[in-house]
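Pasting a structure below so you can have a look.
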Amino acid sequence: MATLSASVPARAGAPGRAHSAQLIETLLVALLLGIAGYSALFVAPTERTMGVIQRIFYFHVPSWWSAFVAFSIVLVANLAYLRGRNPKWDWLGVSAAEVGVAFVTVGLVTGPIWAHPVWGIWWTWDARLTSAFVLWVLYVSYLLLRNLIEEPERRAVISAVFGIFAAVDIPLVYFSIWFFRTQHPQPVIGDGGSLDPTMGKVLLLCWAAMLGILVLMVRQRYRVEALRWDVDRLRLEAAQSANESTAR
Amino acid sequence: MAIAPPANSTRGVSIEFQNIEKRYGVRLALRGVSLRIDAGECVALVGANGSGKTTLIKIAALLVRPTSGRVSFWGSGSAHPLDDPLDVKRRIGMVAHHILLYDDLTAEENLELFAKLYGLDRPRERAVAALEPAGLISRRADPVRDFSRGMRQRLAIARALLPSPGLLLLDEPATGLDPAGQHWLGETLARIHQAGCTILMSTHGASEVHSIVTRAVRLAAGCLAEDSAPSGDPQRMLAAALAAEQGT
Amino acid sequence: MAFARPTAVLLGKELQTEFRTRELLTTTVVFVLMVLVLFSFTFDPTSVESRRFAPGLLWLTLLFAGSLMLHPSFTREQTNDTLAALRLAPIDPTAILGAKILANGCFLLVAEALLLPIFAALYNLHVWQVLGRFCVVLFLGTLALATIGTVFSAISSQARMREMLLPLLLLPVLTPALIASTEATAGLFDETPYLSPQWVGLLVAFDAIFLTVTWLFGEYLLEE
């Protein structure tokens, strides 16, 4: 029975302390989310024309902003990976991409939920919604592409290059669809008009809560990738030790 | 019909691997390999399958980038290493696991293409001149797809020799060659070795080729396990490696 | 010169190989014709409707045909590992991509030249008076398709399910170019034909931006 030659390396900081720090952070974000939710539902004034359903706006809009933050992280991770080839940037890239896709999905789902009671339609091919849909497809493709390449280094390099193409494409997508819509107008699902100051504060609060969730989720997902790497390495070392001892 | 060889032709290139490490995901294909090969040496690289021979040769060919460590090249008689990768590639010829030729093009077209890519003058004449010693002149207008295995290997070797390289890298070059072909290979290698070319060759059998070897190096599990340089007797090591492989 | 000459040499090789067999060209042309005929069953190709739908139809068809045709661009180089042979040579690796982009652009343009008269006839479009301006739009749109298509062919050739992956990656990224090409074409087939400077500008920007990104990052796709 071969023994492992390498001991399992400790993650930064003693396990107990990291665990409790993580717990505190999760509780803080949960608290923030609770406050934000309460504010959105009860503190913010009711919108005149749309009524209660408009409150979904406090989650619909920040989810887009959070998605953009996530995708910006992906772009930075992609560029950093190509420069230094450190696998950690690759882990960050895939984590942020998955979280970003989750936020875009939230946006794409809350949009129609908002639209239907107000305008009577589930979907409109307006500029923002259509761009969002393309954005969703782009980053889902990024994740699919990663799934279809086995070798870790090739996967990281290729998805990084694709990620850069996708990121550069986003402003072009938005602009082309927006300009198309100015020529062929359609109903717009949106937050037209100026914003009441209280509404503005609640909006920012909700965004802060979402950013908290974003950070937590990206970090968790990153940890999963790091663990996966460790498991692969240990498995390989175990196999090699087994080979060496049988060879002797 | 004699064509003047290109400048910096078969004056040997020396190559040094400094602490080369190559990692594929968690798997270490090469670990801390340091090796210096002087101009004009003919080095046989031996080792079991998976010991890292092909990876090392590909790193020498600048096809694969090492994860850490460095590979440096010196032109003959020069104190400064070559710093332009294109300059290095110009002096390298490689015979790989695949034949590196286009099936759809004829033998002549293939060689002419590569002569042009290597910046050689009078590419067509050089292509024809290269076919002659390989015994392929009668098949010059046939697509490579129609060639037998032995002929394809001969053409691959002719392709490698086109730019009159200072460093010739060969990955099991005797594969697919019949005894006549192996004899031709041995003679060809002897000839260019005499002209000063450095040769690094991974090999399994074919003693025809071993007669010109000046040094043998053995890799095991990605590490440099044995070097015949101190003892100056490569043949003993080669014979031992051959026996070991035939035994398993 | 490590870029221009090798690009020309490799372009020559690509054209030589394709025009010897013409397999890509014939399959693409036949495919596009079939799609055009099939589309005509989905709506009545009388004059008014066809003028509205034709531009979108043309570009969608080209897009689908392109995503099929661009696929072998790099999978061909896996036979005998010829891509390694090209990377061994003392040439700028971006030249490999550059040559393939130009070659694929040429093939697409040839296919379009063959298809255009047939397309115009099938949908009763008056191409002749706007031919010059139409060629500008065709060229810019085709360049977009060739650039992204070639780069993504390099990407998908290294993954599983490559035949499906290429269209999947291609279509969302090409959205801006598709919209711009369609709108510009629609403008040309309008009652009073005009060439929209904004859409042409967007196409030029698209091409310039992605050629630059390809220049900067494309070579990483060719590594081993």
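A few comments on the model shown:
Letters A, B and C mark the chains as written, and numbering starts fresh at 1 in each.
Basically, a residue touches a chain if its C-beta (ideal position, glycine included) is under 8 Å from a C-beta of that chain, and two chains touch if they have at least 3 such contacts.
None of the values given here were measured: they were computed from a predicted structure.
In terms of Cα centroid distance from the overall Cα mean, chain C ranks first. The most distant chain from chain B, with centres taken as the mean of CA atoms, is A.
Compared on C-beta pairs in contact, A-B and B-C come out with B-C as the pair having more. Note: centroid distance chain A to chain C, computed from Cα atoms, is 32 Å.
Chain geometry summary: the mean Cα position of chain A and that of chain B are 48 Å apart.
With centres set at the average Cα position, the gap from chain B to chain C is 39 Å. Shared contact sites, meaning residues of chain C that touch two or more other chains, fall at 223. Of all residues in chain B, those touching chain C in their complex are 58, 61-65, 86-87, 89-90, 92, 94, 96-105, 109, 113-114, 116-119, 159.
Taken in their complex, chain B has these residues touching chain A: 23-27, 67, 221. Of all residues in chain C, only 2, 5-6, 9-10, 13, 16-17, 20-21, 79-82, 84-92, 223-224 touch chain B in the complex they form. In the complex of the two chains, the chain A residues touching chain C come out as 82, 134, 137-138, 141, 144-145, 148-150, 154, 157-158, 160-162, 164-166, 168-169, 172-173, 175-177, 179-180, 183.
In the complex of the two chains, the chain A residues touching chain B come out as 85, 151-153, 229, 232-233, 236, 240.
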